[in-house]
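Sharing a structure below in structure tokens format, with a few things to ask.
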Amino acid sequence: MKSEDIPSIRKIIRRNKRLELFFAVAGFLALLVGVLTFVALFAQMAWSGWERITPDFFTNFPSRRAGQAGILSAWVGSLLVMLVTALSAVPLGVAAGIYLEEYAPKNLFTDIIEINVTNLAGVPSIVYGLLALGVFVYTFGFGQSILSAGLTLGLLILPVVIVATREAIRSIPLHIREAAYGLGATRWQVTRDHIVPYSLPGILTGVIIGMSRAIGETAPIITIGALTFIAFLPESPIGPEFPWVNFEWLKSGFTVMPIQMFNWTSRPEEAFQQNAAAAGFILVLMTLAMNAVSIWIRYHVRKDIKW
Amino acid sequence: MRETNSGAAALMSQPPLTVSDRLARKALRNFKERVIELLLLGAASVSVLTTVGIIWVLVSESFNFFSNVSIWSFLTDTMWTPLFAEPRYGILPLLAGTLTTSMVALVVAIPLGTTIAIYLSEFARPAVREVVKPFLELLGGIPTIVYGYFALMVVIPLLQLLIPDLSGFNMLGAGIVMGIAIIPYVSSLAEDAMRAVPMSMREGSYAMGATKLQTAFRVIFPAALSGILSAYILGISRAVGETMIVAVAAGMQPNFTVNPLEPAQTISAYIVQVALGDLPHGSIGYQSIFAAGLSLMLMTLALNLVGHVVRRRFREAY
Amino acid sequence: MRPDKGVAVKASVENFSFYYGDFKALKSISMPVHEKRVTALIGPSGCGKSTLLRTFNRMHDLYPGNRYEGTIRLHPDNTNLLDPAVDPIEVRMRIGMVFQKPNPFPKSIYENVAYGLRIRGERNRSVIDDRVKEALRGAALWSEVEHRLHDPATALSGGQQQRLCIARCLATEPEVLLFDEPTSALDPIATASIEELVHELRDKVTILIVTHNMQQAARVSDYTAYMYLGELMEFGETNQIFVNPKRKETEDYITGRFG
Amino acid sequence: MRPDKGVAVKASVENFSFYYGDFKALKSISMPVHEKRVTALIGPSGCGKSTLLRTFNRMHDLYPGNRYEGTIRLHPDNTNLLDPAVDPIEVRMRIGMVFQKPNPFPKSIYENVAYGLRIRGERNRSVIDDRVKEALRGAALWSEVEHRLHDPATALSGGQQQRLCIARCLATEPEVLLFDEPTSALDPIATASIEELVHELRDKVTILIVTHNMQQAARVSDYTAYMYLGELMEFGETNQIFVNPKRKETEDYITGRFG
Amino acid sequence: QSTVKIDGSSTVFPVTEAVAEDFQKSKKGEVKVTVGISGTGGGFKKFCRGEIDVADASRPILKKEMDACAQAGIKYIELPVAFDALTVVANPKNAFIKQLSVEQLKKMWEPDAQGKVTTWKQVDASFPDAPLKLFGAGSDSGTFDYFTEAVVGKAKASRGDYTASEDDNVLVQGVSRDVNAVGYFGYAYYAENKGKLKAVPIVNKEGKPVEPGPAAVLDGSYNPLSRPIFIYVAEKSLEKAEVRDFVTFYLKNASKLATEVKYVPLPAKSYEVALEHVNKKKLGTVFGGEPEIGVTIEALLAREAKL
């Protein structure tokens, strides 16, 4: 184009910009659909459950009287199940991600693992429930326990953790690796000193996304059989004497937030619907809190890592 | 240079490690490395074991099922009434329900998810992105049972205003809400893929006088295609396997139709129905959930294999 | 180098300062850019060469927190490139840029070159065909790619990719071409071919080139600007700057006593 | 350049060929590497300079499909570096490498330099402190960073980062130091300081340096190897290669008639 | 610390939950009680494996389940604890449904009706030509079994083209939104949603239309849609003091608590008989493993007396 053509350039630009504006509005609206749905659901739960959110709600066990029913066993159960989920999925997922990205030779077996991981990410959660029922509950004899539920959800989020780990590792430039190997580091030293620390923010993000999903899962927990009425807490994981940990709680029966909610929504009394809304609100708050933690960690760890 | 040589001189004065020293360390080192590698390999194998476990559980239970029901009638019969007095075991109605609800969900989630991804990655200010993205991811953290009631109490009544004789339970309403529920999976992954396109691509395009829209669609989108396809595949898998929303809002009625205005049942909804229900374990009705689960698993497996091939084909090369 | 007799000024930088947030990267720079001549920007790393160059097509608008002060006028229409009322897209349509690292789009060779035309709304297939061919000729790439126009651009070698990026710009007939160290990622053979290309192009288009290779500046440019710590130390005909610099600092830099 | 009188051979490349999968990147190369001298590898892009250099610390072992043929002996112990029975880690512990792009770890300056010691099992804090200091001195970086040893290394400028990478190698007292175009990403000032450093280091350590800047090769090296298309065209004292090359191709390349 | 484990029917759950809650309070937390919902069948499955102490059941134990228990050497005491009245509901705005006979219900629900009987007119010529919209229990619930047995004459014999749900609130929503809808579920859901629904009087054996309600259930006039619900206690578990205490507590308080959760309690006499059975360890079932409908309280008591 020559400078004489400026008017025609301007015409083109105006046309291009009209389209752009159109899309920007569309994009904004699309975003609004997502965000407003969330806000609407959240606000609705807050609105109808608000009255029920008192300190008692957190410290009461379930009850036939909606006004006295609380979520103590549910939130403690959710927390403990998530603990098992994290403790199983994170080391396994990170180790698997490291293996695939740093160690695995390119062969049929690793190809299979790879396709398998993407495939697992798409397997419906209910199918994990069927697996867990057959394997954890009966074959391994863990019963309908916190351990079974935690491991089930652990398997469920394993692909998410693996994929996040791999992505994070892949974003570490090759030259950082070469620098470390060049100094004579072994593969494990490179992994331990560089790969893991530098990919930590990405891994954390994946873990949190996975956990956010796991904490709201209903279907697989139903299949393995969570309890619906449970008016006591599992043994404390912190033991009174050395080594200060206690594993009794793993075998305990449990209920979790979504199950409690599910039970309340299917109650005939209207008042239980309020409880369900309140429980839903708190469940989303728990998810929010996890995300906030991850954002915080991500920000503070990532700040120091650049190439 | 400001330093003297003294540093370097001192540095080189120590004798190098002797060869035998090195050999001793090497054996130990190799052993340790080997053990660690095996541990990591073990961890990676867990995912394979999971698949094997799933297939084993599904196949062994389905095996009993298929010794009572012919595979042919399973695949061709158009009625699914395994729990009725006169049971019929045709998976087609469930399959039709699964595919129709998924299709509706995808019609919602793919355009919206992609638009959001492009908007966040190319249009929104970074501050907006940083706030909105975690927010969207939270949509994935809301228990799906909440979405189910949302579909039933809010979306379907709204749809009934538009389509007067729409039934109170239908695949359209369930599918739309399911679509909204999977938006975050699609948009978040697609956005990641687009972010990963190097800035130099964008600079190249802008320097030519392109608008954001042109840059996004003509350069960034094709460059990120393989990642975006992965996002779609995951979204589709989610839709196919989604349970609670359809269980609540689609009507639980095995109905051999692809008309989204009608009620229907999906494979996953059937499974959870039975899991919640009253069936004696070991009965053929109970085994039917494994046959249904196996069909579901095979569907997602096929989907992911196709995805794998397609992704290979569109692997990014910047 | 060519004589400066009666050369028109294509752009004039006037009292231009630039800020990355609070950091003042360019300090009150004034200089002309002569029409259909090659102007080189030289200076040690971090002196602001790229910053100045990227101002010419408002690349800085892509990132938040950047601020312009002063003017850059484009002649003959006397538009102030930095005027907030002037659309950066218009500026970029008139002024093309070639980057340090070749950055072809992940499309076919043909589509890379056609890109500029397409975003300008050109639909006519034969017009595009012709312009693509011309541009590839202009970038001395035609003979190498004529039989594989529909291969992916990423399959080309580094030097070819850089020439493709040049062709991509040429296809839209920009008034000014900006080059930011276009050869620093290339091997000597590819470098030589790009230099030769710049040499040929200066008959058709105004060129501004950043380089930290003094020999390159001497070889390809008609005018040279020596920058240091965000300031323009000296501007003049390349001959004069290299043979007879007015300032001591310029001389030190050019003779390699410093930098 | 220094005279070749009585210089010991630190490593000898014998009949060495290298394959990237099916592609033969190096063809039967034989040459000595003299102890406590600087040997430069020059040649046009893609001729295999980096490939040869990276062989010395078995970097190619990191990627699948690569194959060595022939031997590289390290003296005085006469170990064949390429022997499958020789642990590549051992080789890398003896032979350090500095890369084209400065690649400090995103850790503190101190930790970067200490890293080599740590992976060798050194735990004694005061030993590490001393060696870090020495190494930073050796890399002419001490005075610039002594008060901010615990700042992130990525906050340093490019030239400082490259010297940090050198310090990181020096801390482990390698017998041979490999440099792959260590200054190509740097500005002239930083380049000069690295060159000077190489100059100083050659009294203490054997150095192999890849460059595609002939002036640099001439300035810093004692011996030069000219490579072309995977073959070693000529090897000799730098003086001789530059002043009186035996082969026509070498002369063409050096005088810039080609490449 | 001692635990009482209960699982089984979702229909019985509200009663058992209420008992469990009060029992735990009366024991000041010394005894833990857990209640799960895995359906009557799921409950019996666990019961016959010896995994739980008490099974909640919305129907008597079936032959298959009796065999399973016998094989595992599990003996049990069958205790009726309350009545449930399956309620046929219609939209309150519906003007033409005044009552329905079992024959009419059969016309709507029998398998042959599938795809054919789609308007009200086809059910009865006096009804208008409006579309017929059906809502009912999911095909694997005790409610479904009982309703089909009572209406169609054969358990599980039903048309398939109706909206089914395990969650009765979903059905409440469905019927309350559609003027032409009719559905069935447990009485408690009707009792809690009287504003949104109207109960359809059912023409009983005596030819009288009767609305569901505690009185009508007790005097046997609401037939054939009222049914007893049970708990089954394992003989071995009864050796444990806490289980014995729990069952005794259950029978002593069932009357009050069943009313509270909108079920119909048995006459006081019936609980005394049951308690006696517990004390005397009268094992087995009075139903012989066959589903049965329209059992009145008197008949039940008479049979139990014979045990």
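Should a chain be cited, it is by its letter among A, B, C, D and E, assigned in written order, with residues numbered from 1 in that chain.
Heads up, the rule we're going with is that a residue touches a chain if its C-beta (ideal position, glycine included) is under 8 Å from a C-beta of that chain, and two chains touch if they have at least 3 such contacts.
Because the structure is a prediction, the values reported are computed rather than measured.
Between subunit C and subunit D, the least number of touch steps comes to 1. Shared contact partners of subunit B and subunit C, listed by label: A, D.
The chain with its Cα centroid farthest from the Cα centroid of subunit C is E.
Pairwise, the chains sharing the most contacting C-beta pairs are A-B. Each chain gets one centre point, the mean of its Cα atoms, and the points for subunit B and subunit E are 40 Å apart. Look at where the CA atoms of subunit D average out and do the same for subunit E: the two points lie 84 Å apart. Averaged C-alpha coordinates give centres for subunit A and subunit D that are 47 Å from one another. For subunit D, residues touching at least two other chains, in rising order: 89-90, 93-94. For subunit A, residues touching at least two other chains, in rising order: 13, 16-17, 186, 265.
In subunit B, the residues that touch at least two other chains are 29, 209, 211, 214, 276.
Listed by chain label, the pairs that touch are A-B, A-C, A-D, A-E, B-C, B-D, B-E, C-D. Remark: subunit B residues 79-81, 83-86, 152-153, 157, 167-169, 247-248, 251-255, 263, 273-274, 276-281, 283, 285 touch subunit E in the complex. Those residues of subunit E lying in contact with subunit A across their complex are 5, 7, 10, 13-14, 16-18, 20-21, 24, 29, 32-38, 42, 51, 166-169, 186, 188-189, 191-193, 257, 260-262.
The part of subunit B that touches subunit D in the complex is made up of residues 1-3, 5-12, 14, 16-17, 19, 22, 26, 29-30. Considering their complex, residues 57, 59, 62, 64, 89-90, 92-93, 96-97, 99, 101, 103-107, 115-116, 118-120, 152, 154, 165, 168-169, 172 of subunit C touch subunit B.
Residue ranges of subunit A in contact with subunit E, taken from their complex: 61-64, 143-144, 225-232, 253, 263, 265-270.
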